[in-house]
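I have a structure here, written as structure tokens, and I will follow up with some questions on it.
Letters A, B, C and D mark the chains in the order given here, with residues in each chain numbered from 1 onward.
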Amino acid sequence: MDRALIPAGLKRCSLPVFGLWMLLLFGVIGWGVFAGAVVLLKAMNVTGLNDYFGFGAYITVDLAIIALGAGAFFSGFLYYGLSRFFPSLKELGKIINLAVVVGFVCYTGALAILVLEIGQPLRAWFGYWHANVHSMLTEVIFCISCYAIVLIVEYVPVVLENRKLCEVKPIKVFGRSLHDVMAIFALTGTFLSFFHQGSLGGIAGVLFGRPYAYRAGLFIWPWTFFLFILSAIASGPAFTALICGVLEKVSGKKLVDRSVYDLIGKIEGVLLSVYIVLKIADTAYWGLVQSPGLGLKMGDFYWGPYGIWLLIAEIGVCGVLPAMILLWPAGRKSNFLLFGAFFLDIAGVSLNRFVMSIPAFAAPVMPFDKWQVYIPTVYETAPTLAMLAYCALIISLSYRYLPLFPREKELNRA
Amino acid sequence: MSEGRHAQGGVRFGMVIDLDKCTGCGACSVACQAENNISFRPDESNKLRSITWMSIFELNNGGHYPDYKYAFLPRPCMHCDSPGHAPCTFVCPVNATTRDENNGIVTMVYPRCIGCRYCIVACPYHARSFNWWDPKWPEPMESMLSPEVSTRMRGVVEKCTFCHHRLLAVRSKAYKDGTDPDKATYTTACADACPAKAIVFGNLLDPQSEAARLSKDPNAFQILKKLNTKPKVYYISAHDWIRKLSDNAVA
Amino acid sequence: MRQKKSKALASKPLGAVFSLSGFIVALVVGWIVFPNLLYSKKAQPLNFSHAAHRSEECESCHSLRADGTYSGIPGISRCRECHESAQGNSREEASLISDYVEKNREVVWKVYGRQPDNVYFSHAPHKGRGLECTRCHRDVSKEEKLPAYRQNLITGYSLSTMKMVECEKCHASKGASNNCEICHK
Amino acid sequence: MNFGRRAFIQAAGGAIGGILVSPLPWQLAADSAKWSQNWSWRPSPERGEITRAAGVCTMCEGGCAVQVRLVNGNRAISIEGNPANPLSEGGICPLGASGLQFLYAPYRIAQPMKQTGRRGDISGLKPISWEEALGELGKKLGRMRAEGKSRELAGIISNSASSMSDLWLQFFTSYGSSNLFRMPSAADGLRLAAQLTTGKASPFAFGLGNAEYILSFGSNLFEGRGVASLVFAALRQWTREGKRSVKLVQVESRCSMTAARADRFVAVEPGTEAALAMGIAHVMVRRGCYDVDFVKDKVFGFEDWSDNTGKKRRGFKNLVSSAPYTPEEVAKVTGLEAAKIEELAEEFASRQKALAIWAIGQADNVNGAYHHLAFAALNALKGNLKPNGLVSLAPAVPLAGLPPVQKDPGADESAGPPGLDVVRSGSAPYRRYGFYEFLDDVREGSKCSVEMLLVHEANPLYSIPENKLFEQALEKVPTLVSFSSYMDETAAKADLILPDHTAFERYVDVVGIPCAPFSYYALGAPVMKPLLDTRHTGEVLLRLAGSIGAPVRASMPWKSYEEYLRFRVQGIAQSRKGAIADKPDVPIIKLSSAQSVQPNYSSGEELWKKLKSGCCWYDAPSPVAGFETASGKFELACRSIGAEGALGDDKLYLPHFAPAELSGSESEYPLLLVAYKPSYTTVGYLPTPSFMNKLIPDKVLQGGDILIELHPQTAAELKFAHGQRVFLKTTQGGAAVRVNISEAARPGVVYMPQGLGHWAYDLYVRGKGANANSLMEVHLDPVGLMGTLLPCRAQLRSEERGNL
């Protein structure tokens, strides 16, 4: 059966090896599922959260993974949308399937974690039924679920390209026709993901009671709304590229032309530098103009483990540095520098999501209030790790049984 | 537009707490627990998970012994009057917490709350507590529960309601007696209990009410005024070092 | 391969039948079987004939207290005022006397309209606005026998508990406040 | 089969469609959400009519009138203040507001119990019927008395003044034992000092409401309990017009809540408040700025005097003017600058209506007799003891006296082993304060033996300082009978338990408020049926009296406790004194003997009804008509202390600073340990209720760990970090504690909160920190033989477990 499912003419590692890898992943997932069950049954006291840290590991990982996932699919937008005008973007077609898979796993994974994050999962649907239009979280709930659907729709045709499934005529037809309308989905998807990414940024940005997180902005949208979108698209494609790179390393095969990486590098370089410039401007305004107006100086926002290093790491090491590497042609030439930059880029954006969901609320606002430190328990780490394992699982399966990379065959003719 | 909605209603319930009268005895906090069926656990020493609607913060002048001074600040929900929305009501995705624009009370509906804790994150006063555990009363202490306030279930957020069930009670009586329910006034459990009479509760828009008078006292102040959350809870102190602690002032 | 295909073609009309039958079965289950499964019928501990008490004023048993709260269903002491001894020889009457009045036990009526703990409902404002009892309650003036009490197996609430949307509609139409804390405690 | 599968899929497809257009999935979603409204097994309080019943709070001596809210008249749900009460004006303290948590406490004792196993073994305590319990106890008491062992009956009761304590006294006297003891408290010292100086055995009372300047020597005014009602009434009085009109100066070593809220905090070495008082007296005398007339006419022993053996004795003036009390000397002892002492004295002397207070509140007695005298002396110098002065004697409530005790016809008084009264003759002039000496004698077992010990509303095994004394004494007592409502430490050790009702299930009364310059009486009738199979100890005593013997029965003729209270209240009615306060605006706190209160009740019956309805009775104090001392004056030189000429050293007659010999070497125990009573714990008969657990700050208790206060400098010297686990050791015992580095602490002193470290009750009370009482050392005061709790030497060792 396994053989039959593997795309024609492609080499894959032997079933036992793959089985072992699956076993490992399922192990982690099982562990996480168990931990999750405990959280649901015993209530949230098993987590490290408390009344000073309403948001913790769950939210952080969700924000990060969604940023990367949604951003990943940004390359879909570039391919289906913009390539009409910029033919050079056609290159991305060679990696687009992977981008879809990444987007899909990230979103579905994030959704699963969200169920644990709320105290009354049975009421999760209130978000649609009794929506408060003012709440950024409402925006998130709507977008995240709509977008998850879109991603499923986009993932389906990829799945349908499986050799065995293609044998069934109607399925094949269905799959093909889906492909043709994919552009529309890609565009709606992108719009949703933009909006949704923005509202995620809004979540922290609108909190006018929390000077650390609060940002002024356009209309109802704080600057974080736009910064989150930018940072997502400035890191997502890099994420896809990095995963692709890892796949190549693991499988020992060439999956896409080097030119694709270079192109992504170029795109990300531009986007990241735009983002980082704006981020610096935003930080300067926030730290030097807005906060003093609220009675606080930047120093009040950094303490102990949540020290100023966060800012330096996020903007300097993981922002300016990778941006420069990616803009620098020679930098893109070297695999080490290119993928290093990709990695830093991703780390930086993840760090940003961490800052916006934990230190931002650890900082005391009342003058007589005190700093607190949040330490996640295994009941938070396990499910999040399981979620990552799930992503790895789907990606591995997709790579093994679906023709993700149109050029794989040619590239590996020996 | 929210401003417009905001303006309506001649009633804005608020509170004035005189920190110079307060001895920090905690009667307000306990009376509140008894009035509102607040659950308790064997170990309440983790203050970050201890449910209290009226928490008592300790302020100190940063001095050194023997010039060290401290005072106590009872902190109910501030029932923020910020235009349109309070920090918490603005973010609740399911309208579980809203502000009644007829009287300014920020309410909380437990069966609606999905427990996302966004409001907890939004509140700079830490006025909100999450039910981390199933509420359990040791036998036979359930007999002590008041039917006037529903007990909360696990996984939802709760906070001070300005004892609005007492408002409902007086309004109900007003309807029965045929008097104007909108004129009906009441006090909260904490204000009733305070043995030093440091807590005064009333309609801030009624010039006759003592609360309104005190809220205009030269020594009256709000906490974190700069955030423009417009708390309806005022504090009074003649001590500069206490008033200094009312807001962040960049040195 | 080809054989399979022909089969598939052959079964096309049949297929429609199958799915249609599935559809209908589901409808029956969803609309008829399920609701009946969901609500259990529970009998009252004792039958009470409102018709038999027509001579009495409603208020003489269901009244507002001085503090504006509603007395609800009267306690056994109120029953005793007339039913110190049996008023007739029905089985119900006998049980009322022997099981409750004499033992001075309260009758544990199942309240059809009982709202959950988190709901605050006061009769005073509604009465004050001149609403008819029958606007919300069933007309009991001629009722000989108490209807069965139907309890939702999942929620444990009574079937005839008024839904929030009903309250909201009326409040909206009457221009009454629909703020949460008006009805929730 | 292929076919079947296809059909199945098609049918399923249709079914899914059908289900989606039926209410099923949506109803399920909605109902599961509704189900979560009761997630999970959320208690649902019984509904019904809410009423209020009046009562009086007896959880401390404060005597606040309260209201209990009831559902359907039988389920108490909360306690509120009574707005009609002039003392509380509707206010209530956290303990009062938590009161019902004792009524519904899981650790309540549900019915009489008998220890069938080894003493102290909870599982050995088996339920028995009231008939058995009373029968057994009655038989034993009867036998003891018949055998002439009545003196071997001893009792320990609470120190709050109520008709219950009078009934206990009546019971013991008629039974023939004088070994009835109240739990020790600071009031003992106030009473002793008053008796020594004025010759009257009622404690000093302070006119807080009329003072304009208050110099408090370590009184924890704002730490709650005790006189909380009085203090809060005064506090409201002071702040009537918005700003505080009274200057409060707090003298003590720790920056307590009172010190922090005072207008001025005078920080002195622990236990040296009296030295400062003497220093202030020195300055006042030197500058001659004291009430010269009063001192001349009404004070004895200010100038030198000669006892009736003709021996010349130093007077107070002479004493304070000399060496140890010059500001410079006092500065050395107290750690204040001399200039500050001068200035403080100046301020106290010059201010109008300046009052020196001490030993107020539910405090341990931290001063020996001579220190009490020193504080009293300051008031004497201010002339505060004049009629209508700021200091008076707690006026008596004119309750009907109990009938004279009848002696057994022909009973030989000398028969049987001697009682403690005989044993301790001569050892001290005022033996009635000798609770600790009693414990000593029982421990040693040589001087006297106790066959049976009765304990009511007291938990000495936990709550007296140096509680191991009681534990050791208990080993010598064959039978311990507890009347406790709760399974407290002492009750757990009992051989027989006859559980009392809790407040609000029974008749209670409050006879006067400690340190209050007005007389006060309040009464509480039961507001609900008793929850458990318990009985009012008063009724139990009456019942026992009946079964013991004719004379005892005759001395306690009442059928019920209610009848007994009615009888007592008639006394007030007959006296035609005082009035009922049914409005809050009665200026009760400002009353002085200048005013006279007109009775506003006609009959005893009306008085009883009014009292039952929650109104309190009050009266202005009668002016202190002269002093009943040998000299007929206020005696600065207390001649009654020693038989004339018996005392060699003149200063033993006079107020002076008498530091005690602390056990342990300073080298081994370089620090001082001071136990303090915080507002958020309870320290007496009642444990801290769960509601109040939420008030205990995490700088005092973290999980099971108690934190002690240490000054940053001391902590630095010892290299202790905040929160570090250390071991605290005194000559009496040790405890694992953690460090709370605090600016409220005086360098070199360790401050430990009391009221924690219970090992009985339930898991809401148990296992929270350590009990300070088991580390403290009690000194016997030479004059009154009362236990005096002085700071004791201590050491801190860092524990290996390290920081946390």
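The working rule: a residue touches a chain if its C-beta (ideal position, glycine included) is under 8 Å from a C-beta of that chain, and two chains touch if they have at least 3 such contacts.
Please read all numbers here as calculations on a predicted model, not as lab measurements.
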item: Selected interface, A-D versus B-D, where C-beta contact pairs are more numerous; value: B-D
item: Interchain centroid distance [CA atoms averaged], chain B/chain D, Å; value: 33
item: Intercentroid distance (Cα basis), chain D paired with chain A, Å; value: 64
item: Between chain B and chain C, centroid-to-centroid distance (C-alpha), Å; value: 37
item: Inter-centroid spacing, chain D versus chain C (mean Cα positions, whole Å); value: 56
item: Per-residue overlap in chain D, given as positions that touch at least 2 other chains; value: 32, 34-39, 42, 44-45, 50
item: Contacts with two or more other chains, residues of chain C listed in rising order; value: 67, 69, 116-118
item: Residues of chain A touching at least two other chains; value: 120, 123, 126
item: Touch-based graph of the chains, sorted into line, ring, star, complete or other; value: other
item: Chains touching one another, given as label pairs in label order; value: A-B, A-D, B-C, B-D, C-D
item: Chain B residues touching chain C - in the complex, by the definition given at the top; value: 95, 98, 100-102, 105, 107, 109-112, 147-151, 161, 164-165, 168-169, 171-178, 181
item: Footprint of chain B on chain D - complex, ascending; value: 34, 36-48, 50, 69, 71, 75-81, 88-94, 96-98, 100-101, 103-106, 222, 224, 228-229, 232, 235-236, 239, 242-244, 255, 257, 260-261, 265-267, 531, 679-680, 690-698, 701-703, 711, 743-747, 762-764, 768
item: Complex interface listing, chain A residues touching chain D; value: 120, 122-123, 125-126
item: Chain C partner contacts - residues on chain D that touch it in the complex; value: 2-3, 6-7, 10-19, 21-24, 27-28, 31-32, 34-35, 37-38, 42, 44-45, 49-50
item: Chain D-facing residues of chain B, complex; value: 18, 20-21, 23-27, 29-31, 33-35, 37, 40, 42-47, 50-52, 56, 58, 60, 63-66, 68-71, 110-111, 134-135, 137-148, 151-155, 192-197, 217, 238
